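Each of the two complexes below includes subunit A, the first together with subunit B, the second together with subunit C.
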Partner chain A sequence: MARVLCAGLFVAAAALPLLTGNTYYLYVASSVGLLTIVTAGLNVLVGFTGQISLGHAGFYAIGAYAAGVTSVRLGLSPWLGVPLAILVAAAVGAVVAGAALRVTGPYLAMVTIAFGIIVEGILVEWVAVTGGPGGIFNIPKPPLGQAYWIILAVAALSLILVANLRRSAWGRALLAVKGSDVAAESLGLSAYYVRIVAFTVSAGFAGAAGGLFAHLNGYISPDSFGLQASILFLLALLFGGEGRVAGPLLGSVVLTVLPEFLTALTDYRLILYGSLLMVSIYWLPQGLVGALAPRRGEETGRGGAGERGSRGEEAQGRACAERQVEPQRDPAGRREEQGSRGAGERGRDEAQRPRGPEAQGTGETLLTVEGASLAFGGVAALADVSLEIPVSGIRAVIGPNGAGKTTLLNALSGFYAPDTGSIRLNGTPVAGRPPYTIARLGVSRTFQTAQVFGELTVLENVAVGVAGPRLGSVLAALAGAPWTRRADEAIRRQALSLLDAGGLAEWAARPADALPAGLRRRLEIVRALATAPRLLLLDEPAAGLSPAEIAELDAYLIRLKTTGGPSVVLVEHHMDLVMAVSEHITVLDYGRVIASGTPDAVRANPAVIEAYLGAAA
Partner chain B sequence: MNALTIAGLTAGYGAIQVLQGVSLAIAGGTIVTIVGANGAGKTTLLKTVAGVLHPWRGTITLNGEEIGGHPSYRVARRGLALVPEGRGIFGDQTVRENLLLGALARREGRDPESVGADLERCLGLFPALRDRLDGLAGGLSGGQQQMLAVARGLMARPRVLLLDEPSLGLSPLFVRQIFDAIGRLRAEGLTILLVEQMAAQALALADRAYVMERGRIVLEGTSAEVRENPMVLHAYLGRTEDAKEAR
Partner chain C sequence: MYGLVALGYHITWVTSRTMNFSQGHAVMAGAVVAFAFYVGLGWPLWATVIVTLVILALLGVGLERVAVRPFFRAGSAAWLLSTIACGIIAENVAMLTFGKDARAFPSALTQKPILVGGAGFYAQELLIPVVGLLLMGGVQLFYHRTAYGKQLKAVAYNPEAAGLMGIHIPRAVMFAFGLSALLAGIAGILLAPILNVAATMGSIIGLKAFAVAIIGGLTSAPGIVVAGVGYGLVESFVAGYFSTGAREIVGFALVILVLIVRPWGLLGTRPPRRV
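Right after this comes the complex of A and B.
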């Protein structure tokens, strides 16, 4: 249906030059096309990754000048100009992104404003190449009708490319980073890298539009590329509806055509834009497309964020992200210890639990923590913690609130770097390496407050885990290459079967936002398992579950263990669950290991009773 | 007189209706608990009563005054405090500042001595917070943040306190402490609406109980009656450990 509508629109638009020879109409329609191309690309950055750029006029300018210089100064074919414009803008975009994306949110917006100003300055000052304030004249111009057709084709192509991207593993990765960069990193995605790619893609689109603009106009000067243009780009996108594939088109039509109706009011153009921006933020938080789209039962989005995405969750996500360790590479001493895996296989004597064939759990050690200490502002969260995690089975970590359990998980998964001590995974030192690296080595986790990717469906959440860092080429994703689609279908099938095993299949098509709290936790576990980890870290998976749901979780964990699932570290307060599923319990208090042993031994330990369980439990 | 009366309440998010007409009443100085599975609408009910969500239909009466549709800050000033699920503490401020902010909603007893005395009382309930009083709340562990959220709710000196899963993420020792604390608050005359997954403990504490399913009240009675109901026994008190601890 939507396809037919789009095709019809396209045909109608393509017929325009045949219906009217009026150059003014064609010029306005061409401008709509150019704005559509820019905003389609900007949508990849703003709509998909949630980052704001106020400097895309800079890339538009780079594209325009690249095309202008190619044909006027170098005398090359105009057909080379636009591809070169894309390449140059994307290359500059990648460099700028590498530097600018060290920061995100409002800071990134500031940095991109600065970038736009610098580009404008260079256009004015670098007279030999740019012609200075006068600009470049006599850029080859095809007849307006033809130029319009080319622009229309590129605009349609842009929308298709972005739609392809959204459906691909890349699209899911982008929205995952927007939803929770912490969770995305725990699945092996580098949020920084993913954002750089998004920024680069959006710069390339702006470059294409700039190149086309140069050939449409035949003349370019710095005046066209100021901050106001950047604001217009962003406004068109927000007004149309960011994150939605048709948003850029609608926003571009309205923001190009409307001012033309009000030519008498040209002086008030800025006031009009400002008012539109306010209108769209107050009354159309999801843009025109969001307001016009039929309300589906499951449609949630920003407007109705209620039960979901509570502030505490965000705060925690942020707190976690802030602590995110800078990638401190240690080129030395990475491989050398590979062979000497944690010597003394302490023959595990805990065959006391009747359930589960513990026999499979040979004494082999997967992960070794030695003397790990970590303090936050003088408070010791971990103090000389040593423990060994075997290659299979479930090990519980319990302890009073604030004992350092979550800190331990954060250290194991790379979100914190211990101040001292070592963490080795299969002999490889991992302490201080970034979370996505550790995730790629086979460590997956859940979070105390479930971090689901709200704008993705339940199925897509799991698909992000299945794909992990294997996203393929972003160009192939944009093009919707057949092999990308085939790989994607395989990913979706696998995700669905995982959901099925986790009892979430009926929710597959719902936005993850719409899941009740208990099911979100389950989704997180399924998603973590989708990475096929060797070690799964669970942070209070039973919190907020009803007794019946805890019983289900109990059965699920046992099934995981008996079917050769990963080794599990379980942080949990529900002692009945802990006792039922784990073979070994480590007790933390004030960051120290105060007891360690079989569940029965730990339960009888006086220190544990005193610090944690309270009187006879 | 009932401290809080809810009649025919419907509410939801966007186009999704969650509450399908909920009616309940809480007598002053008692504890009422709501039991139900995840997704039954318990949190939505508390949010609607506290003015965080706008009710679609129905009335909410607090001490004889209609508060349905009032914004949450005004509801808070009328003496109703919500301790939300997911904590919602102010992470960039210290624990002490969080607690003092809680006192802003109160109408009387705003003088430093009363506020100080209440601060002491809260720290008495949650000694773990005392050591971290001047540390940033964002640096607290998850369970400590939960305690802070409850304590901050109490600092408002509410007449009616809504607790959404106060035991979430607390160690067994603290779970017991927090339920003890709730019992003591009742003895001091506070009216409490308690939503809790640890149904056995909640029922042991409460005077009356309601069971919610799919946005409706499907069962109500004294907590003893509800506790003995076969359906509740099966669905919500299934696990022996919980029941054991409650005794």
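Right after this comes the complex of A and C.
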């Protein structure tokens, strides 16, 4: 139904030049198309990775001037100019992103503003190429009707490409980085790299729109590409609904058409934009599309375990365009869920088998820490810690609050670099390597406060772990290439079998945000296991769990151990759990190892008793 | 000379990890208000300064209420957009009331330039770094030596704990925004004679000040003032030897360079990664 509606909308839009010869209407409609292209691309950056750019007018300008220079100065065909516009804008985007994305959030926003202003400055100053303040004239112009059709087709294509991207491993990686860059890195994704790709893609879209704009207008000048234009782009996206595939379209329509009705108020345009921006921030956090579509989280309820049946309804509540471009998802999802258990088991066995041949057998050492020390200011969080972790089994790390347990995990997983000492994984020094590198070497972890990717479904969360850094080509993901889809199917199947093994299969299609706290922790563990690690680091997995849930966790960890799962380092306060599952316990206090041995030996150790009870026994 | 404006970013950042992204527009507001009283109504300079600073502080407080407080708790970056929204609204209002043209702001200190190595300076331009240094000293003293300053820093470090210790957080953040806007007012009055007063002067000032804040380190007041003076000197020489267009490009290149080498700024402290 929704698909028919969208297709009908497209046909109606395509028929516009046949119905009216009014150039004004066609021009406005073309402008809607251009804005849709820019915002669809911007959505990849802002909506998917959560980074804000206020400099995309700069890429729009680069696209426009690339096309203008190609056809006017070099005398080449416009059919060459627009692709060139995309390439140049994307190339500049990649370079700018490399520098600018060393920072995020407010820093990035300001750096992109600076970029936009620099581009504007260059347009004015570099007269030989850009024509200076006067701009470039006499750019070849197709008849308006044709130009409109081309723009409409590109706009529709943009929305489809972005929808393809959203469904791919890349799309999940982008949203994972937005949800928790820390957790994404622990699964082997470099947040920096993923953001650079998003930035580059969005710059390419802006370049395409700019190139088309040059040929629609026939004339370009620096005035069209100021900070105001960047704000307009962002506003259209936020107003329409960031992160939603249909958001850019709706935002573009409103933001282009509304000012045309209010031409008498040109002087008040900034006030209008500012007010709309405030309105969308205050009252439309999910944009128009979000406000019109039923809320995902609420409809599915927050955590009632008995609501299995609502999965289908939840899927039905998706916005029009999302459904239009994702026809396969729902049937596929259901098929997977009902899929044969046998295939699932196979997938899981594959996933849980340790990777290297050297990891087989017990008694060997997987990870060695020697004399690691780490101080924050004057406080020694780790002081000369040495320990060895075997290739299998569960080793617990316990100690009073502030003993350095989490710091140790952070050092092992690469989030902190020890000041001195070494950490070796299978003989490879890993101290100070970035988290995603260590994750790719087979170290996976969970976090003290469960870090799930809230905007992804439970299944997709695990799929991020399954895919890890193997995302394939972003261009293939945009195009929805068949091999990308096939790979994606396999990833989803494997993710589902992992969920099944972890007892979360019934939640697969829910947004991870909707999971109750206990299940979030379990999802985190399943997701960490999805990377097929050799070493799994669990940071207080039992914190906040009910006694029944702790018992389940207990059984789960033991099952993991007996079915040839990875070596586990467990940081935990629940002593019953620690004593029940671990073969070896290391006790930290004030950053030092004060005891190490079997559970019984540690329990009897006077130093441990003193550390916990504060008095000599 | 942008250090003065950049201090405004520092003050709110240190307190609340938020900023007025339209700090430049606040400078513009300071210049426009001062122009209205000093030139428009013919008030004496001292009265103009007082009234301007009071108005600006109130604007800052109002901004915090409208654009920052609703989002501070949520931990979202919406304050970034909402302060920009307020900025462009302010620019439009100024354009409607003040007009689109730039106007000269008379000052005794911009009569004759002092030449240093090919680049010209006005006495007014020398006054700005001096005031900047004084204010920086004041801000440093305030944050490191007074109880209330320390409370503000505590808010930034951990709002919940600070709240439990009896610090009135909304008031602390509001105070920071008022102070920040007041500094912008001072900057507006000082810059008005050099730059001429215009409704559109805000964006570029705010942007360069932010560049300075990044270069110096958002968490370091001395870093910001040093970076501000350095940035101003580099700009003057580039503009003197090459062109005014090259000035922006060099400035941006500097920011990129700093971001690559030290993303937390020359004198800023590296934020600990929270895992």
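Note that in this section the second predicted complex is superposed on the first by the 545 of 617 C-alpha atoms of A that agree within 3 Å, B and C clash if a C-alpha of one lies under 4 Å from a C-alpha of the other, contacts with A are read in each partner's own complex, and residues count from 1 in each chain.
Assume contacts are C-beta pairs under 8 Å (C-beta built on N, C-alpha and C of every residue); 3 or more make two chains touch, one makes a residue touch a chain.
From a predicted model like this one, the values you see are computed outputs, not experimental measurements.
Student: Determine, for the superposed model, which of the two partners subunit B and subunit C contacts more residues of subunit A.
Tutor: The partner with more contacted residues on subunit A is B.
Student: Applying the touch criterion given at the start, work out whether A:F376 contacts subunit B, subunit C, both or neither, answering first, second, both or neither.
Tutor: A:F376: touches subunit B and subunit C.
Student: Between subunit B (first) and subunit C (second), which does A:V111 come into contact with in this model arrangement: first, second, both, or neither?
Tutor: Once the two structures are laid over each other on A, A:V111 reaches subunit C alone.
Student: So in the superposed three-chain picture, is A:L189 touching just subunit B, just subunit C, both, or none of them (first/second/both/neither)?
Tutor: neither
Student: Check the residue A:D576 against both partner chains and state whether it touches subunit B (first), subunit C (second), both, or neither.
Tutor: A:D576 contacts subunit B only, not subunit C.
Student: Is A:Y268 in contact with subunit B, with subunit C, with both, or with neither (first, second, both, neither)?
Tutor: Second partner only, subunit C.
Student: So, A:A209: does it touch subunit B (first), subunit C (second), both, or neither?
Tutor: Once the two structures are laid over each other on A, A:A209 reaches no partner at all.
Student: So in the superposed three-chain picture, is A:P400 touching just subunit B, just subunit C, both, or none of them (first/second/both/neither)?
Tutor: first
Student: On subunit A, which stretch or stretches are contacted by subunit B in one complex as well as by subunit C in the other?
Tutor: 376, 406
Student: Under the stated contact criterion, what part of subunit B meets subunit A in this complex?
Tutor: Result: residues 13-16, 36-39, 43-44, 47, 53, 84-89, 91, 128, 132, 135, 138-147, 165, 168-176, 197, 199-200, 235-242, 245 of subunit B touch subunit A.
Student: Quick one: in the complex, what on subunit C touches subunit A?
Tutor: 19, 21, 67, 70-71, 77-78, 80-82, 84-89, 91-93, 95-96, 203-204, 207, 210-211, 214, 243, 245-246, 248-249, 252, 255-256, 259-260, 263, 272-273, 275
Student: Taking the touch rule as given, give the residues of subunit A at its contact with subunit B in the complex, in rising order.
Tutor: These residues of subunit A touch subunit B: 295-301, 303-307, 310-313, 315-316, 318-319, 376-377, 379, 398-406, 448-449, 514, 516-519, 540, 543-551, 573-576, 611-614, 617.
Student: Can you check the complex and tell me which residues of subunit A touch subunit C?
Tutor: Within the complex, subunit A touches subunit C at residues 52, 54, 99-100, 102-103, 105-107, 109-111, 113-115, 117-118, 121-122, 124-125, 182, 227-228, 231, 234, 238, 267-271, 273-275, 277-278, 281-282, 285, 376, 406, 410, 415-416, 447.
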